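This structure is in structure tokens; I'll ask about it shortly.
Here the chain labels run A, B and C in written order, and each chain numbers its own residues starting at 1.
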């Protein structure tokens, strides 16, 4: 394996890890702060990709996809919390699993109704369409670097928000102890609304920026969903920094696993999750809210 | 001196940086009530849990009838003859009082095959359950679902269930907590009468009750045993008066 | 379970058993095949309901046991003639139960959402085992060319005719349902319920919650395997999707719609959901929208399920207890 090839794989691993982190951070906040297990998270990722496809097709402008994805994601999240999740408070995980399974069916069929079963491509915006030559035969697409940049900006932003801002403090307090947070005058309902909206918007955004990387197709969120759960189990439920570490680990396993054992890559991911849970039946890290 | 039925030696329990129980020794002899007292947070319940098996001790060993049980799970210890009650009422929601006590009878009276028949059709369990309920004065309430019982009834029901286990030693974690005076004296009388069946380790805040029923008392403070002996001897230990009794009744 | 719910549960089961016995005499052709499918799925739902309800284990991996048994039949079926039913069924059910033992032994140590994630991971592991590797014909699945035959000492019984196969399914499913009903009422079922409600107290009564849950999980896994075997025999075809977590979630929906705290609930849930699916499919190719809506509404409106809901309608005014 040449150095360049290794370098390209490493970049791919990091880029995939950053997308995974966008998805997993939303999922881990929902789990850690609200105790909600959302299996529809992968479907929202797909929604993001189809938003990118539809916006580029309609307006021919990729840059519109980002605000469109974020706004639709926020709105979807807020609606789901307001009309569905808030009614499940106090219910068990079984209800959450089934509610999100119902949402998956609705979203998947909605997508088929509107866009059909064929895979679609989303064009990379012109300004990012170039490739940086690395050697005579290898080059690296600028768009992938753009994805990395978005991911890094997101990490810094969410890290700052959680550590410094009042909202971050409220989130950490609510994750720690719901009743205590309420006693401190924190509007827990509002926090839940915010967490669901932001958590789902992150995932939709991930789908938007991932759309030009590969084709947009039905069921594209399935793999991302399961891998995000692996990330969360690796990193500890509710832990954003843990999710980052988990994403990077999984990005590496995925990128290099596909190179070396193409038939067993998916297998390895599940085996990793089971192995972690055998050693630590309640997850790796138990810290919450940071 | 007879061989102690329970011997805990050098028990320590650490939670992170907190040493909740620090090198405590305790012997429990047959037909003896040994009370463990101490201020809130002294480590009494934690100590009891290491003996019952709910919490593994960080250091030390527990011997039951000469056999080491330090690392046995709770269910195995129960089957050997260690019964316990919990500080907070631990009844089973949705069960009638009778069914809950029958459940406690099961491991003594039912074969693996018997597990396949309904609780109600197990005559031995039913007979034993009624006897146990009678001893705590709950015969009339046998058919009531636990959810509809008062706090005092739940406490007595839990004691009935533990009696149904026919334990060789009984670990009681604050059995009088939250009881009215009448119920309290009934439970004290019950504890007194149980002495002839089994050894009892009693954790209790009601000092008067403790000094009236206990044969021996161990005082814990900050996880350490600061005194141990007969009630009179303990009452006259200066360290105890300073650490605990001096602060009035709890 | 209170006495009234128990009575309703028994009555519903009796009603179902009687109604299902008439199927081969009043229905024909496609309808019998549909009834066969529904009966098998009802059996799967009841088996799953036994671990979700009394054992309190939200397994999102039961389709794996169902699918593994189906694959065992496919792999054991000769190309030239029918397989021996008793032999293949025994191995398929045993295989599913053994798989459930492995999955349960590891997963039941985890609680709550970790248990859910663990069962999903195992189910997906099974899915990828058949989908990605060479075992069992990859993503195309595999065929059972001939429906297995029952070899008795004096004769061989073929189940090629739909009514006779239905009768086989009827007998097997009602054995499974009857066993679940019995186990729920048994002392074993009471220990499961006690462990679900108060784990520490149950342990201090001398029972290991881990062991009783594992026993329930293995029994249920073996039963799910029996249903997978029947499905493979019915359709003559197995595919990796039978194991995927979507299939597990679908079975959970049946359990929830009918009510996990009864034996009849999951069966009724299966019947209603599959009938709704059948009707919606005739209307529109986007019938899954309807199924999705049914699920969302059921979760929000009747989280305890239909059977407890109906039993509640007949409740007398709440009597006052001490």
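In this text, contacts are C-beta pairs under 8 Å (C-beta built on N, C-alpha and C of every residue); 3 or more make two chains touch, one makes a residue touch a chain.
Predicted model only: the values in this text are computed from it and were never measured.
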* Chain touch graph shape: choose line, ring, star, complete or other and state it. => line
* Asked: When you take the mean of every protein CA atom shown, which chain's own CA mean is nearest to it?
  -> C
* Asked: Between chain A and chain C, what is the separation of their C-alpha centroids in Å?
  -> 33
* Averaged over CA atoms, how far is the centre of chain A from the centre of chain B? Could you give it in whole Å? => 50
* **Separation of mean Cα positions, chain C and chain B [Å, integer]** => 43
* **Of chain A, residues touching chain C in the complex** => 31, 35, 37, 39, 84, 87-88, 91-95, 97-99, 101-106, 108-110, 112-113, 226, 229-230, 233, 237, 263-264, 266-267, 270-271, 273-274, 277-278, 281-283
* Structure fact -> Touching chain C in the complex, chain B uses residues 52, 54, 73-75, 78-79, 83-84, 86, 90-95, 99-100, 103-104, 106-107, 110, 114-119, 122, 141, 144-145, 148-150, 153, 161-162, 165
* Residue ranges of chain C in contact with chain A within the complex -> 52, 58, 60, 106-107, 109-114, 116-118, 120-122, 124-125, 128-129, 132-133, 246, 249-250, 252-253, 256, 260, 286, 288-289, 291-296, 298-300, 303
* **Of all residues in chain C, those that touch chain B in their complex** => 1-2, 182-183, 185-188, 190-191, 193-194, 197-198, 200-208, 321-322
